[in-house]
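Letters are used for the chains, namely A, B, C, D, E, F, G and H, taken in the order the chains are written, and counting of residues starts over at 1 for each.
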């Protein structure tokens, strides 16, 4: 719902065309749809620039399908993260455009492919094992209207590899870096570019990597000042933030 | 140094006007100045969009003064963070424009006040005790060429306070939120806006706040997808990242 | 056993109708029944206002059945938490009124439905995935004689959702809030009400949520002063404490 | 402000006696007073049953005095926690009824001594060193209109001590237990009573007590089901929650 | 090997009946037998009062059988902990007296049942789920020549249960207490007796019990001074230490 | 108080010479003396074999003096740990036999020097910096009636040093080992002796020693089965447990 | 590629035989081969003295086979760690010399067996369960051109076992020690030798070993000054570092 | 003492010139000198290649002076780390050659300056604040007979700085890298060289650097295989290990 709708509703209330109870109920309904186990947030596109994204983990298949159906009826693009192929099958039964992305374990409905960004988003990984998380970032960013450049396996122990890709990285408006183990790559990339770096620690590693804590701490303590961090393995979040950074400003009402 | 200088130097090398050793030395010197205990990084403005910032903690007064002197001879604006008033006195002896900011414990040389941003940056705190960290963010952002809006003490236990400032917050191109204790404010603010939120956990709190860990974890696990996080009490980093997000794109050579 | 019984027994001992050993044995037996692997605590209803609740985890099916049988012979209502449907089958063989609650993984015998509360208990979740823990709270509270209001999926990133339910929440005598990830909802709810909030961190989340630690720390550091916390995923404990808060005072002997 | 005031204001707005901007401003002002470094929350008494309490730590003396002055002009009772005697001196200059409590490091203005509770609150400590935290609880509870029973030094290694006080403890409507080291006392007390126990871990101990973490974990894992926990050394929070538990229900408008 | 053997060997070396190399080899062989993947320590009975005990976890079945065979050829009693029934089957093929103890997951060869203790050892658990760990303690102590008294399910939330068993506990020369969750029972028991208490934290619990850390910390911080602690779930270690405490003193050569 | 006194009192109660209230009060008084801020536990000598020991940390000087005065009126030997020389001065004013031990920061009243042990207690340190903690153990053990053997600075990096003292260590009935850093010495000593080893981790070390956590974990995971552990820097606790291990058995009434 | 190749390429570029783009591409190609999901680092032998080693964990079988094929075409010796027998089968299909090592879960191609070391490398374990990690070290060291001495099961609780092997250990140029539980063996071995000790903590243990953290901390805090540490279970890393320590110096070009 | 002395002593014992007790005493005395609070380890030079180094922290000035005096009477070079200038004054009173090094807080007696290394040792820091730790490494290495190359302030956020020093670093036989914050420099340096890298995490940083834990974890998880790690701020240990790596092999008796 856009601002216009709400203003009309309030004006009607002032004119006495709606009593208080009815006005309250309508405002409430506009914002979200209550489907029992979830309150599907239809106003999120207005507030945050993209419809609510469904975190598949911890929900039953029926719940995922129900929420997707509700979202897809109002928004052109929908994402379900941390899900599985079985759930995808059921989602496709109700929304035929749905795609399955194996590496990122992600369902996507991608009907509106307008480019909303001022530049490109580079997505970089330290190693091969970081690709699934990075793919989640890349797919999120694409679905939110961005051009994405993928650069895989340029970790710091072979510093010539990232230096060889420097030109490509330096062209981006924002860079996402996914790395596990010691999580050092964002610091090096951060030092090479003059744009924000969104760092995603991954749980790649063993022993004292503690499921991504080592990488997370490394990134939080980055000596490069242009690095901000999201949760371990949160490729989606990195893609989301990067998309908002890259978005044309000011955002026009019609685009929401 | 801008790209033009480097190209000329390389061309001269190719023409044989410089031997390899001399070319290497010059390139090295252009990039940084070696003053013994530090390699002052003069190319950082080119690479990162702002000169190297001096972290005062862990350096002697003599070291801080020496580095500031080196930086101030080339860059109009300089910041020293986590320092003290005594150091400020000595810095002012060599750079008279230096200012002291008590709350943020920060020295600033602020000679170029060009506005480089596409919009404003809102800096928000959960409580009164978070102000010193937030001031560090605000001063950093201003020094890097941004308009800043300060909004203090709107923590979530009195949710009407942040809702009352909603309009102000929603006008910003990027929002910085500083919060200690449970660190919940970035999630609420994140849900209200369609721009990136840079969250700064502060060490405000006691007991199980563990010097900011509770707030840090809260922010990393934010259910709002547009939140990215910097280190505990890293007001400077938040201001730096937010400045790069707000910067006009593409960056013009002359602005660097 | 009520106080009257004990007084009679002690009087008999004083009159010499019981020797010391026999008196000691009887007092001991009144309090609990020793069934080998467990000492079933029949005096708990007197001391704590509800019979001992069986934690299913870590016990064999035989042990659970044996304990339930012992409890159900003396108390009208019995709960078994953290159990499974197979165990339920065996419990129903010996107590036919037993019910199975899938979402909460809980067996309930609910024969006495007297309302013992002064008001209602609101049970609120931040997300859909927190429902199983919240259901454990709600079922516990109902079984202990309370009216319960369920409010699902009103997490802080869509603050309008919890505000829309404000009136419902504010009518309760005590509020239970279950939330994972950053665990911010209890602070917001705490700020809206003038009654105690019992916060239950859930293990919902990933990465730096560390199985509920992030939510737990967030709740312990809540800036709302009316929040008290129970263990991660301890829906039962929250329901139990809330029931005692809501209980009519003073408690009459016959009610125990 | 009570509900009546707000209804009148809204009615006036509907009748057109106030334009939108003015109505918004007034509603905003009623709720809190903006004094620059803080937004003093005057509506908290309405929402939470007690005026905002001032956490002294992390605020300058000037800030504390300013906030107290603002609060004391509207509310009869005011608390400042985690403060010092010097601040007390300055507070007394502006509010002469202010009292200093050395053990709890707390300033109190206690002008309204109405009893608001249905029963008494027992405050129990495991050791002598836990008394300062427990005193903070006791003073908070008294200031919020409760009768308090203090029971010091009955830790579990001399179990006869707590058993000797059993009758006193069992008369209370709610029990606060402060304990450091292994934090076992709430479990024992919890097993003796049929009312809620609010457990406060203290930082008393050394080595592997880790500043109260051992006690905190002990209390969160209590095998007594009626225990809820607040932050380490948060005597104030425990007193606040216990006061709300003990409060007469329903709360009458005039009492707020 | 006893001290006498070694003295004879050294005397022979001095008399020149053995050259240096041969003497060294013999001394080495007396102490342990090298079977490739393990150096079976036959001198442990001399040094520690009981033959080496085999930790089954992390060894292949073949390795366990090989080590047991080597030990059983020299020592009457042998224990294998943390093993499984399949391994037991193979062990019984080579040592027919071997017994399987399901609850403790332990293989025992128990051919010498001499009583070596000065008193009894009481083994106490807080709950039913702690029994497997406590059984490991009890079986270890019995196998090492002690009389054991088992007392199950007397946790602190029903303090009357442990008080009812007080006399039994107070008769013991040493008490082992196994408890999970908050691990408070050793403090209570420690306060009741004048002998050492060996506390075993168990991994029983969930959420913030962190696999036994809460119980471990509780026990390390016990306010009872007579409590010493072993590793989480280390029932064997507790039984071993308790056996040495209970052992008659001085130990006679022939008993080793 | 000995058992005889209590039996007389109960007999008098049965004969009707005391009413219930009076009997209860007397029993209560026999057990402990309530001096306001503390309940001095006079029955501890009966229950635990040594009077209550005063932990100086966290108590005011007045409190320490008051408790010592109460204890010293009934018990010949008294200890105050973690205290300072100023407090000692005030204690000596009321009990002239009091001694000050600088290294261990301990006050001792040592009037009864009866030997209560079956053997000696060896106290061993890994380094010079561990001596203060070990002295606390040694003084505690001596005050509780034991012969103590001190062996300083035999850490494992110079294994010949501990081997050189092997004979001395092997003569003891129980060994206390204090070590910081990696805490490896108890494992080596444990392997050399056939008696219990009480391990005390010390906070000696830096960096990843984390104030004694490294040593604590090392000792809890000792591959020697005869090692039990007390809290970090808890020299007193180690001395207390070791004393109970060394005590003659059975304990005679008159000795308590 | 050796240094000579690069010099020729640069000379050609200077002579104008290559344009900038082509030179850049060739330099890039020499260094690594981009196979999509990985950038195989062919210059690592030059830079680090051994070709890139493949960490099998987190890669698909197809990825492992592809990388091995690429590496084996240029380097005589190749290692794949943390892999499984199924992957081995597919690797052997493309490189028939591949060997499978069950205990270490490692694939090896070992075509060049030149001895590159100045002395031997001793690999020592504390227990039988540490052998798999130690085998990974030993195989790595052998594959990198070293003579290896294996010494298993000489943990510190039977100190005579390691002392018996002292001569063998003291002959080595560098010692690798793998130990779990308390991780004390490196300190003891470190004290016996005058060469570097590379310590590998293993995840062997339970409870408070926390998957190797206890051993890791023990090793980092070693009181022997000649101990350096690698990640938990990182047998490969230990073997790699030890190989470089043992390598003849200076390294000749042809050897790389 | 060298091996020759010991052989003579043993021969004398065999010839009967010494009785057993006397032989044992002499062997013991040769190894270390017992000065009460310490056993000064004179055999360490034989066993470890350098005399015992004195850790000043945790020792009294008298203890430090006593130990230094004992060591300096037998060894030409002595180090005291983590000490202060006052202690230095007293040490110089007894050993006039003693030097004070302010930055590293280290006392050195440096009388034998023989070069014992096969190559140079490069000591590298990420920042200016890491210099004190790196100086401790450099001074240790020099005192142990090595040529040292110092390279300061080449952290990864300005990757051109370390690349500019590449040639210098690549000439070394072993590289020490000291870094705080995210600790990424060892990975980058490790990828540039074919020799061992000894990584020293420093406590430089704030917030989530947790006193060096972030850097420590980063280094333990380094994706460069040639990195081994020492304790946080353990510059001495890094210098010691690096010296042993660089030492000529085989070591000649006379050099010890």
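Going forward, contacts are C-beta pairs under 8 Å (C-beta built on N, C-alpha and C of every residue); 3 or more make two chains touch, one makes a residue touch a chain.
Values in this document were obtained by computation on a predicted structure and should not be read as measured data.
Engineer: Return the chains shared as contacts by subunit C and subunit H, ordered by label.
Structural biologist: Common contact partners of subunit C and subunit H, which must touch each of the two, are A, B.
Engineer: Minimal path length between subunit A and subunit E through chains that touch?
Structural biologist: Minimal hop count between subunit A and subunit E: 2.
Engineer: Does D-E or A-C have more contacting C-beta pairs?
Structural biologist: D-E
Engineer: Which chain lies the greatest distance away from subunit G when centres are computed from Cα atoms alone?
Structural biologist: D
Engineer: Could you pull out the chain whose C-alpha mean position is farthest off from that of subunit E?
Structural biologist: B
Engineer: When the centre of a chain is set as the mean of its C-alpha atoms, what distance in Å lies between subunit B and subunit F?
Structural biologist: 55
Engineer: Between subunit E and subunit H, what is the gap in Å from one C-alpha centre to the other?
Structural biologist: Chain centres of subunit E and subunit H, defined by C-alpha means, are spaced 41 Å apart.
Engineer: What is the distance in Å between the mean C-alpha positions of subunit A and subunit F?
Structural biologist: 59
Engineer: Could you tell me which residues belong to subunit E and also touch two or more other chains?
Structural biologist: Expected reply: 47, 127, 158, 190-192, 207-209, 213, 216, 220-221, 224-225, 231-232.
Engineer: Going by the touch definition at the top, which pairs of chains touch each other?
Structural biologist: A-B, A-C, A-G, A-H, B-C, B-D, B-H, C-D, C-E, D-E, D-F, E-F, E-G, F-G, F-H, G-H
Engineer: Mind pulling up the subunit G residues that touch subunit E in the complex?
Structural biologist: 127-129, 131, 152-154, 158, 160-161, 164, 204, 206-209
Engineer: Hey, which residues of subunit A end up touching subunit C in the complex?
Structural biologist: 28, 31-32, 36-39, 41, 43-44, 47, 55, 57-59, 63, 82, 201, 203, 211-213, 216, 231-234
Engineer: Tell me, which parts of subunit A touch subunit H in their complex?
Structural biologist: 126-127, 155-159, 163, 181-184, 187-188, 190-192, 205, 207-210, 213-215, 217-225
Engineer: Across the complex, what residues on subunit E touch subunit F?
Structural biologist: 46-50, 53, 118-119, 173, 190-196, 198, 216, 220-221, 224-232, 236-238, 240-241, 244-245, 249-251, 256
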